[in-house]
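Next come two complexes built around subunit A: one with subunit B, the other with subunit C.
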Partner chain A sequence: MATVTFEKPLSPARPDWQALAARAGLRRSAGQAALLAFLLLVSVPIILPYFWMLMISLTARTGGVSTDVLWTACAVIVPAVLIYSIVHSLVPSPRLRLVTGLLLLAIACTLLVALIGDRLHFDNYRFLWRTNIVEEIRSKATAGGQFPSVWIAFRNSLVLAVSQTVIIITVASLAGYYISRFAFRGREAFLQGLLVLHAFPAMTLIIPIFLILYWVGLLDTIAGVMLVLATIELPFYVFVMKGFFDAVPWDIEMSAMTDGATRRQAFRLVVLPQVSVGLIAVAVFAFIRAWEEYIFVRTFLIENKNWVMSLYLFWVADDVMGVDYGIVAAVSVFYVLPSLLLYVFCQKYLTQMTIGGIKG
Partner chain B sequence: MSRIELRNLRKDWATAAAVADVNLTIEDGAFVAVLGPSGCGKTTTLLMLAGIYNPTTGDIAFDGARVNDVEARDRNVGIVCQSYALYPNMSVLENIMFPLRFKKVERAESKRRAREIAALVRIDALLDRRPSQLSGGQQQRVALARALVKRPHLLLLDEPLSNLDAALRLTMRTEIRRIQRELGVTTVLVTHDQIEATTMADRIIVMNAGRVEQEGTAKDLYERPRTLFVASFIGSPPINLLDGEAEDGLVKVHQTTIAVAAPARGAVVLGIRPEQLHVDETGTPARVVAVEPMGREVLYTTDSALGIVRFIEAGSEAHHREGDSVALRFSPEDAVLFDKTSGLRIDARIAA
Partner chain C sequence: MGPTAILLFLFFLAPVAVDLGVAFTDMGRTLAVSSFTFENFERMATRDTRLLGALGITAVFVITTLCIFNVTFALLLALVTTSVQRQVGAFFRAVWLLPRMSPSVVYALLWLWVVDPNERGLLNQVVVHVFGLPPLDLRNNHPLLLVILANGFIGASLGMIIFTSAIRSIPEHLFHAARADGAGSLAIVRHIVLPALRWPISYMTIHQTLSLLVTFEYILLITAGGPFYDTTVFALFAYRRAFENGQYAYGAALSLVLVIVGVVAALALWRLMDMKQLLQSPRIEVH
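Up next, the complex of A and B:
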């Protein structure tokens, strides 16, 4: 039998544990720094346009747009963010991090005020309280005479988005529950049909839908757009809700029913609370989807009293683009704000939606 | 508290019968275990009792009255599922109060009752917590309290201990037994664990492939199994089952011939429990091939004139090693003989 001997041991008999630990720590923080740098880099093309929009809305006056404000602001903010991220990856204590963060914020604010403070103004937001802004800028609006108040468009958008949300939540949760729990003839075909409908480009139907709306007398009404949007969006949300219901164990419903609940009570008291995350996610998506809708409202809504926010923005841009970028940017900021707030507050629910969806 | 009867109960699924020809009577206040391997139809039977499934044919009667068409929520049955199925959106107290919601019990009264039952199952300190903040054993107790709070006619336990660790299982076994005795509620326990069944229940129903194999006390099942399946399913370590050929009062097993006083013919199976084999100079020669210490006892596997046979010795006396030669003997009245084709026990004593 041959004996195997190593000429040289692969690892020392007494490794230097401290050096190894230090190396692991270094590697960990290097990895984190690399990740942070990567995230910063990829977020630039997303954040920069929004930031520019905000800067234009706060600084531009009738006429051209100068980019020097943007670059000045970036010259202050980018180093501040970079310094903070370096501090964040190097300094372990959360207290110290906070202090540095606040300090950097104060410095950045002071610099911003000093450099571009005199150029900030809120004139571009005057559309919020004045109706005939377009005429003030360039004599006559192209869109159906007098420009309406932005609040009418805002209200219309709100009505559309809220009712859309209510319809989708109600139908998607009931349908999703039924598909998840009951066996019925053609269930598989129905599920496949939902997927096909979801994948189908609804835009191709825009002319038939226009004609149908015209015949049933719902053309140029918010209700008409609402029905069309809900129909097109529903298959996807039914599918998502089915996924969430699939994840609720059958045992729980069974327990509720032996505890004395009817099926409906079991659904309402026990099952529904467990898919609340899904409901919130679906609600947020449905709301934002209706809020941002453009093609269908552009086609089906004509009179300016029926404008929604996207149409308002379109007509403002159509009329004053090239003349007054500031006001277009200000309307854009106003338009994007509700979606942004919803996203910020419901972020943690939205990320869970994909999980529920994949399960389905 | 009710007397439960199942008459010719049958449940068919699309492809096969899950439960067939089940006839049972469960006396008022009894603790009965339905024992069987997974897929034997025991949970289907339980869910038919609860009213979740409707039997295809046959009747279920509570206190002599047919309840087939009574809905689950009106049967006044409490159920504890394997997963406990607590409502995660409610506190422990709300969970326990949930069944009383549908009984038109006043809130103050239902709170009082929930507290009372919580004290009985010893979770009165946890009432404000959420189910997710409880350990497995505590969740188990909450599920039990919720099932019991409405004073059910029948308590159903579906594998209630299988999600607990070994030590907790031991305590919960005693706890469930204590609570059942205190309330005197008729209880059906469904389990695949024979220890659970034998330690908790008064009577055990062994099911296999949708049918009842045998009903009786733990002692009956162990000592006088009606079928080959019951003999092999009950007992740990398992019974030695030795194939043999019977003719003219003699059974030939491997190289040994045993005289029997039974009219057995053809293929038979001889069953001897490992603890019924003793080392005795005059016995069948055997060679130890494996030694497995199990704490109090030692399990030996031997290659003998009877075939591969296992026997147990108390740890204090056990001193055989692998390769040792021993001689094994068993008292004829301990062994059981089965007809191999029908699987039924041949009701006879072995003569020598």
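Up next, the complex of A and C:
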């Protein structure tokens, strides 16, 4: 949008429109640059720690971390990124952009290898194939007893996250569809109750939930945590799914049923494909939430064969932090990677999730 | 429909009832109930001296985090990211969502590495080498500041998302009209954007107050409520009483207070939601 500022001509002589437009354009780009600089500045405290974690995991050895590696790497990467973003905003042709990008990438990689290449190593990732890593570092038995292999924790996390996601998808889509399509008695009351539950903080119920799990014998089992996690987020997901179902026109369902499909077929073959974006969004979100859960698993899971990744990382950090930063950082990177990848690749689905809408 | 109702009943309504019941018992470390008593509430009201401190810390924590990050800074981010190029704005919003998407244990570890009291901490590298100051030890000397920062960096992102979509839904022609009338960028923000954000802002304020009141995950991970009780907010106080000291009944009584606060706030939020859209009548009037 080209902005032209209209100013009252001061003199009866014709104003120099071009000069005015140029000045406004200049002011505009200066303003944009200032905004960008602000965004860059406030984002540094977020990006830098993640990068620091990666660098620790790749360079630290038992006993210490050297900090100059971080700044050397930054000194190479930051100019490269800056140059590329300037090129990206100035050069319109995608081909040229790609070429410059690759060129810069090559230069940056060469520089990195030349400057800090000999410092990088994957020793810290040895927890992936060695089990007693913590005991080795501390050279004694640890407080929590034997550390399980990281793969057990990984598998538990995966089981927990996947089964939780499946429950949420099934239940939320059925409920969402039902609420969206059917008039049943008490529908309004149910919706309002659901809404209150959605706003209600489940964290406050952690003590009674603990007691209920204890009484029904699901304490210290993955299944118990799975049910609890699925439930406390359920109202939110029901609303999200209802929103998606509301957006599906009734006509296509009606025509499917006119053509002889049963209600169930119409739901499965016609309506569900229409809300696939919603299903994916809910699934990804639910998976990430379960993957990162800490408080509930910390409280409800005790034995180390039931550890999930967050507990594994917590106890590793608890035991060797200060002695060996590298291992802790490596476990963190390993743990954060799945949710990060999901987040990056499914972002366009996640942004389509809205709930209800706020009075506006 | 059935499964939803069952799950919600089991893990939402039943816990409230259980909490209500257990709060009036003397359940201790053995999880056995021997008698019913009002002692927990009496203790809360008169004898627990630490409780008052926890309440004060909670107030400081919630109000500061809310005012600086979850509303103000979120608004700022939403305004700035919507006034730069679309892709650039989306990129920076993604960056700010990163902490919310990464596991809480990892996020807490990042903060521990940042504020590491020796010279290797990320913050201290800057403080010592750039400014030439002695190394800081935030975790022991300014623990409350630390937990406020850690929660704020996460809290800002939700407000940012909500405000961004609210700004996007303002009709474009209003901006053009204002420009044609000679309004500057700040005047547009003041007279067009902010009035349009009135409801989202009040919604976010209540919502975030509530979630800050009950949250203690990052505090538990970063400072564990310490040193001593210096960062133990009310919710964490209840948690520690129950799971560290084994006073389950007292913890239940404490969280009953939070449950009541939660219900009240949830009802308030409910007034702010767009009920007409949520309750729009179903598409099919059959059973």
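Everything that follows uses one rule, which is that the second predicted complex is superposed on the first by the 307 of 360 C-alpha atoms of A that agree within 3 Å, B and C clash if a C-alpha of one lies under 4 Å from a C-alpha of the other, contacts with A are read in each partner's own complex, and residues count from 1 in each chain.
Going forward, contacts are C-beta pairs under 8 Å (C-beta built on N, C-alpha and C of every residue); 3 or more make two chains touch, one makes a residue touch a chain.
Because the structure is predicted, anything quoted here is derived from the model rather than measured.
**Q** Is it subunit B or subunit C that touches the larger share of residues in subunit A?
**A** Larger number of subunit A residues touched: C.
**Q** Quick check for you: in the superposed arrangement, does A:T299 touch first (subunit B), second (subunit C), both or neither?
**A** second
**Q** Please work out whether A:L340 is in contact with subunit B alone, subunit C alone, both, or neither, and reply first, second, both or neither.
**A** In the superposition, A:L340 touches subunit C alone.
**Q** Determine, under the contact definition given at the top, whether A:R23 touches first (subunit B), second (subunit C), both, or neither.
**A** neither
**Q** Using the touch definition from the top, say if A:D259 reaches subunit B (first), subunit C (second), both or neither.
**A** In the superposed model, A:D259 contacts subunit B only, not subunit C.
**Q** First (subunit B), second (subunit C), both or neither: which does A:W52 touch?
**A** A:W52 contacts subunit C only, not subunit B.
**Q** Have a look at where A:R126 lands relative to subunit B and subunit C in the superposition and call it first, second, both or neither.
**A** In the superposed model, A:R126 contacts neither subunit B nor subunit C.
**Q** So, A:V270: does it touch subunit B (first), subunit C (second), both, or neither?
**A** first
**Q** Subunit C touches which residues of subunit A in the complex?
**A** Touch list, subunit A to subunit C: 3, 5-6, 31-32, 35-36, 38-39, 42-43, 45-50, 52-53, 56, 64-65, 67, 70-71, 89, 170-172, 174-175, 178-184, 187-188, 191-192, 194-197, 199-212, 214, 227-228, 230-232, 234-235, 238-239, 246, 250, 288, 291-292, 294-295, 299, 309-310, 313-314, 317, 321, 325, 328-329, 332, 335-336, 339-340, 343, 347, 354, 356-360.
**Q** For the complex, give me every residue of subunit B touching subunit A.
**A** 47, 50-52, 72-75, 77-79, 81-83, 85-89, 98-99, 101-103, 146, 150, 156
**Q** Once bound in the complex, which stretches of subunit C touch subunit A?
**A** Checking each residue of subunit C against subunit A gives 1, 3-4, 7-8, 10-12, 14-16, 18-19, 22, 31, 77, 80-81, 83-85, 88, 92, 94-99, 101-106, 109-114, 119-120, 122, 125, 153, 162, 165-166, 169, 179-180, 182, 185, 196, 199-200, 203, 207, 210-211, 213-217, 220-221, 235, 238-239, 242-243, 248, 251-252, 255, 258-259, 262-263, 265-267, 269-270, 272-274, 277-287.
**Q** If you look only at subunit A, which of its residues touch subunit B in the complex?
**A** 249, 251-252, 254-262, 265, 269-270, 273-274, 276
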